[in-house]
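Note that subunit A is present in both complexes that follow, paired respectively with subunit B and with subunit C.
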Partner chain A sequence: MQPYDLTATAAARAIRAGELSPVDLVQSLLDRIAATESRVQAWEHVDAEGALSAARHLEAKRRERPPADLLFGVPIGMKDVFHARGLPTTANFDPYRGKVIGEDSGVVQHLREAGAVILGKTVTVQFAWGRDPVKTRNPWNAELTPGGSSSGSGAAVGARQVPAAMGTQTGGSTLRPACYCGIVALKPTFGRISRYGLLPVSWTFDHPGIMVRSIADAALLLQALARHDPRDPFSADQQPEDFVAATREAGAPPRLGLLRDLLDRADPPVRQAAETAAERLRQAGADVREVRLPVPMDLLLAVHFVILTSEGGTVHAEQIRHFAEHYFRNLRASIEAGHVLPAAAYVQAARLRRRLRAQMVEMVGGVDGIIGPTVRTLPPRAETGTGDPSFQSIWSLFGFPNVTIPTMLSPERLPHGIQIVGRHFGERELLRIATWCERVFEPLPSPL
Partner chain B sequence: MQPYDLTATAAARAIRAGELSPVDLVQSLLDRIAATESRVQAWEHVDAEGALSAARHLEAKRRERPPADLLFGVPIGMKDVFHARGLPTTANFDPYRGKVIGEDSGVVQHLREAGAVILGKTVTVQFAWGRDPVKTRNPWNAELTPGGSSSGSGAAVGARQVPAAMGTQTGGSTLRPACYCGIVALKPTFGRISRYGLLPVSWTFDHPGIMVRSIADAALLLQALARHDPRDPFSADQQPEDFVAATREAGAPPRLGLLRDLLDRADPPVRQAAETAAERLRQAGADVREVRLPVPMDLLLAVHFVILTSEGGTVHAEQIRHFAEHYFRNLRASIEAGHVLPAAAYVQAARLRRRLRAQMVEMVGGVDGIIGPTVRTLPPRAETGTGDPSFQSIWSLFGFPNVTIPTMLSPERLPHGIQIVGRHFGERELLRIATWCERVFEPLPSPL
Partner chain C sequence: MRLHAGQSREDIRAALNKAAHDTWGPERIDALAALLDQAADAIHRVFQEPLAPLAEEPDFARPLRQGEEG
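Up next is the complex of A and B:
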C-alpha cells in the first residue's frame, strides 16, 4: 500500500506513530497527481511548494515532541471558493485569476490549526453555482462528469490524489460529486462550520462540505471544523462534542426511513441499487420502513429554486454588468433569471420555507435517519453538465445534516451510493448510524 | 368629572373600589360617542349591546367577590384589523363587511382575560397600509387628519370616547395618529404582543400598539398583553415583568439622546416645539445630548419601503386579482409596486436590515432613550391622506419599542409630542423614563 492510498484517519495515525513522514505523504500524493491528473483534471492549482514546506515544518515539529493535533500532517484539497492565504481564489472565473488572497477563510484556518496541510485548490463549477461543464472528469470513466459544483474535490479524493477535500453545497454540490466519484461526504447542519472567507452563492443555503473516503474521516474533519466563528453571522453557538468517538462504536441497529419519493423519481438502475442497499441494511438488522415527504417534492424544489436564484442573482448583480462575457452560459442565465424574479415570489418562498420546515423536521425526527439514493441518475456525460441536484437540494433547503456512502458498483463499474439525513445538530448520532451502515457494504476498489 | 373622562388606570381603580359600576362607565362612553361621533367619526362599529352585556356580567361577578383582574371593567376600542368573536373584521374593505368572525385574536383574548370590555371596532386605513384618506377626523380640528393607519383608535381616545384603544404599526401607524390626536402611545418590541388573528400588512414589521392617555395606562395594558403566544410564529418567549411598578417611581433623571436627523428633517414649528421640549427636560435634570443616526436616514427608509412593499404585495397578490375595484387608490398602487419590485431588491434590503441593525442597536444602547419629534409635520388636511410615517418607521424597521407623549399645544391649538425609543425588550426602563418625561409637561386639555 502506498501512502497516497491511506485514508485521513490512517495517515494521521501513521504520522503520529512515527511510521510515516508528513513530507513523504505529501510527496506520494504529488507523484499520484503527476501520474493521474491528465486523466482526472481535478486541480485548479497544486501548491506543491507550499505543501512541502508546511510538511517539512511539521516534520521538524514532530522531532521536538509527539504531535497531538487531530489532523497533524494530513493533506487536504480546497475547493477553489475558499480563501487560503497566499493563493488566488478563482472560482473558475477568469477575472479573478492571479489575484492572491491575503487571509485564510475560517475553514482553512481551522484546518491548519488542527495540523492539516493545504495541498492546493480544486476545480469548481463557476462560482459553485449551476451545471456548466468543467474540465474535471469522473475517475471511474473519463467520458462522464464527476458531478459538481465541487467537481475537483470529488474527483481528487476518488482518484486517491488526496485523502480529504473540502467542498460546498447550496443545492447538491457536495453529496452529488461524492456519490458519482464513489466516496463519502458529510454536509453538516447549516451554521455548524464557518463560512467566513468563502465566496457566497446563496447565504441562507451555503454549507461547507467534507469529502473523504470513510465516515471516520468525515468525523475527524468535523471534529476540527465544528467551531463557532463570530465572523460568520449564521455561525451557530455550539458545545464541543466527540464526533470521532461516535464512529468507533456503531452500536444498536438504526431505525431508518426509506424515502419513497426519491425511489419513485430515481432512474431504474439507481432505484434498483437503492432497494438492494436497503434490503442489505434490513438483513443486517436495521429497521427500515418506508416514509414519504409531507408535501410534494416539486414544491420543495420550487421554493429552493426561487430563494437560490434570488439570492444568487443579488450577489452577482453588480459584477455581471462589468464582466458579463466571462460568465459561463448557464450561470449567466440563472443570474439573469434572478434579476427578473419578482420580490413577491421570494417573499412567498421564504414564507413557505418557514412553514414547511416544521413538517420536514417532524418527518426526519420520526426515525434515526432518512435514507434514499443520493442521486437521481448515474453520472451523465461530461459535456452535458454536472448532473441533477434535486435529490440533495431538498435537504440543503432546511439545513439538515446528511452524508452519502458508497454501496456497490453498477454492471458498468460506476459507483452507487445512499444518503442518510439526520436531525439538526444531530451529527453525532448521524455519524454513528452512518458507521453502522458503512460496515454493511464492501469498500469500493480504487477506480484508477 | 364624567366617567368618560377617566384614564384606564383611574377607571380600573374606581371600579375595583366599588365607586364606579362597569355598566355606568360603558353607558357614559356610549353617551359621549353619541354626542361627539358625528364630529369625529372614529368608529367602524360600536358594539353597544355586546359591551353593555359584558359590563353587566362583570357587575354581577363583582357582587360575588372583589375583582383582581388588571383591566376589570375597562372598555377598549379595537382597530378593525383585530378579530373579535361575533364581530366582522372589515379592514375598511367592502368585500369583508358583514362577515362575522368566530374567534378572538390573541390581543382580544388577552384583554378579555384581564377583564376588559370590547367597546367596538375603530376605523382603519384600508388594510392598515398606505395613506388613503379615511372618514375619521382629528378631534382637535375637523379639517385635519387624525393620522393613520390607526385613525379611529387615535381619534376615539383623543376625543375621550374610550380610555384605551389598540392600534397596529408597520411603519408609523400607532405613534403618528397618537401624536396628531394629543395622546400617549406605546409600540412594544417586535414579538412582545401576539399577532395571532391580526390581518397582516408585512409580517416582519407588524406590531400591535397601545393608545391611551398616560404612560401608566400604557403599562397597564402592556401588563395584560406581554405574553408568549405559540400561535404567532414571531411571538417572543418572555419572562413576566412588572411594567406597572415601573411607572410608579420615576427614579433618576434619564440620559437621553436627541436625534439630530429628526430635528433637521422636521417642519420648523415641529422642530421648534421639539427643541423647547428637550430644553424643558434638560431644565428638569435630564442629561440630553445630541446623537446622529449611524447611516443616512434615507437608506433606512428605502430598506423599509422595499421590505414593506414586497411583503405587503405578497399578502394581497391573490385577492387583488378578484377585488381590484374595492381597493383604495394609493393602496392599490403600493400593492402593484410590490408586484414589480425585483426579488434582488428585497434580498438586498433584507441583508441591509441585518447589517444595519447592529449599528442601530449600538446607537440606542448608548443612552437610556433616544428622543425626537414624533412626527415630521403637524397634522395635514384630512383629504390629503394620513401624513408622513418616516419619523416612526425607522424604529418599526428594527422592532425597537417606542412611546410618544404629548408635550404642548401649538399656537393654533394642535398637539405636539416627543417620541422616546428604548432597547429591545427594555420596556420596563422605557416606561420608567417615559414617566419621568411625562411629569415634565402639562397635561393637555380635552379637545372637545
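Up next is the complex of A and C:
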C-alpha cells in the first residue's frame, strides 16, 4: 500500500504514531496526481509548493511534541469556490483567473486549525450551479462524467489523488459526484459548517459537503468543521458533539425506510442495485420497510427549482450584465431565466417549503434513517453534462443531513451507491447508522 | 406579470417569454427556451397548491428558529 492509498483516518493515525511523515504523504499524492491527472483532470490548481511547505512546518512541529490535532498532516482538496489565502478562487470563470485571495474561508481556516494541509483547488462546474460539462472525467470510465458540481473533488478522492476533499451542495452537487466516483460523502444539516468565504449559489440552500473514502473519515472532518462561525449569518450554534465516537461502535441494527418514490423513478439497473443493497441490509439484521414521500416529488422539485433559480439569478444579476460572454451556456440561461421569475412565485414556493417541511420531518423522524438510491442513473457521458440532481435536491430543499456510501459495481464496472437521510442535527446517529450499513458492503477497489 | 392560482401553464409561459424578451432582448429567447419551459412548469405546479391568504399566516416572514419545524 502506498501513502496515497491511505484514508484520512489511517493517514492521521500513521502520522501521529510517527510511522509516516507529512512531507512523504504530500509527495506521494503529488506523484499520484502527476501519474493520473492527464486522465482525470480533477485539479484547477495544485499548490505543490504551499502544501510541501505546510507539511515541512508540521513535520518540524511533530518533532517538538506529539500532535493532537485531528487532521494533523492530512492533505485536503478544496472545491474552487472556497477561498484559501494565497490561492485564486476561479469558480471556472475566466474573469476571476489569477486573482489571489487574501483570506481563508471559514472551512479552510477550521481545517488548517485542525492541522490539515490544503493541497489545492479542485475543478467545479462554473459557480457550482448547473450541468454544463467540465473537463474532469470519471476515474472509473474516462468517457463518463464524474458528476457535479463538485466534479474535481469527487474525481480526485475517487482516483486517490487526495484522501479528502470539500464540495458543496445546493441541489445534488456533493452526493451525486461522490456516488458516480465510488466514494463516501456527507452533506451535513444546513448551517452545520461555515459558509463564510464560500461563493454563493443560493443562500437558503448552499451546504458545504465532505467527500472522503469512509464514514470514519466523514466523521473526522465533521468533527473539525462543525463549529459556529459568527461571520456566517446562517451558521448554527450547536453544542459540541463527538462524531468520531459515533463511528467506533456500529451498535444495534437500524430501522430504515426504503423510499419507494426514488425506486420508482430510478433507471432499472440503479433500482435493481438499490433493492439488492436493501436486501443485504435486511439479511444483516436491519429492519428495512418501504416508505413513501408525504408529498408528491414533482412538487418538491418545483419548489426547489423556483427558489434556487430566483436566488441564484439574483446573486449574478449585476455581474452577468458586464461579463455575459464568460458564462457557460446553461448557467447563463439559468441566471437570465431566474432574473425574470416573478416575486409572487418565489414567495409561493417559500411558503410551501415552510409548510411541507413539517410533513417531511415527520416522515424522516418515523425511522432511524431513510434510504434509497443516491442517483437516478449511472453516470452519463461527459459531454452531456453532470447528471440528474433530483434524488438529492429533495433533501437539500429542507436541509436534512445525508450521506452516500458505495455498495457494489455494475457489470460495466461503474459504482452504485445508496443514500441515508437523517434528522436535522442528528449527524451522530446518522454516522452511527452509516457505519453499520457500510460494514455490510465490500469496499470498492481503486479505479486506477 | 400577475400570477394567480388556476392560471394556465401556457399563459405563464407566454408571460415569462415577454419578460425575458424585455429584459434580455429577442436574441436571447431561443437560448432561454428550455429554461423558460421548465420555469413555467414549476411555477404552474407551485400555484396548484392552495395556501391560505398571507394575512392568515403572520409568521411567514419570521425566519425559522433553530430546531423549529415550521
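Just so we're on the same page, the second predicted complex is superposed on the first by the 448 of 448 C-alpha atoms of A that agree within 3 Å, B and C clash if a C-alpha of one lies under 4 Å from a C-alpha of the other, contacts with A are read in each partner's own complex, and residues count from 1 in each chain.
Definition applied: a contact is a pair of C-beta atoms (placed from the backbone, for glycine too) under 8 Å apart; a residue touches a chain by one contact, two chains touch by 3 or more.
The shown structure was predicted, so the numbers you read here are calculated from the model rather than taken from an experiment.
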Which superposed partner A:Thr7 touches (first subunit B, second subunit C, both, neither): neither
Subunit A residues touched - subunit C or subunit B, whichever exceeds: C
Which of subunit B and subunit C A:Gln348 touches, first, second, both or neither: both
Partner chain(s) touched by A:Thr124 [first = subunit B, second = subunit C, both, neither]: neither
Touching partner for A:Ser390 - first (subunit B), second (subunit C), both, neither: neither
Partner chain in contact with A:Glu311 - subunit B first, subunit C second, else both or neither: first
First (subunit B), second (subunit C), both or neither touched by A:Thr136: neither
Which superposed partner A:Ser150 touches (first subunit B, second subunit C, both, neither): neither
First, second, both or neither for A:His339, with subunit B first and subunit C second: both
On subunit A, the residue positions that both subunit B and subunit C contact, one per complex: 306, 309, 339-342, 344-345, 347-348, 351, 354
Subunit A-facing residues of subunit C, complex: 1-3, 15-16, 19-20, 23-24, 28, 31-32, 34-36, 38-39, 41-43, 45-47, 49, 51, 54, 57, 60, 64, 66-67, 69-70
Residue numbers on subunit B that touch subunit A, as the complex places them: 203, 233, 306, 309-311, 313-314, 317, 338-348, 351, 354
In the complex with subunit C, residue positions of subunit A that touch it: 191, 236-238, 298-299, 301-303, 305-306, 309, 329, 332-334, 336-337, 339-342, 344-345, 347-352, 354-355, 357-358, 361, 424-425
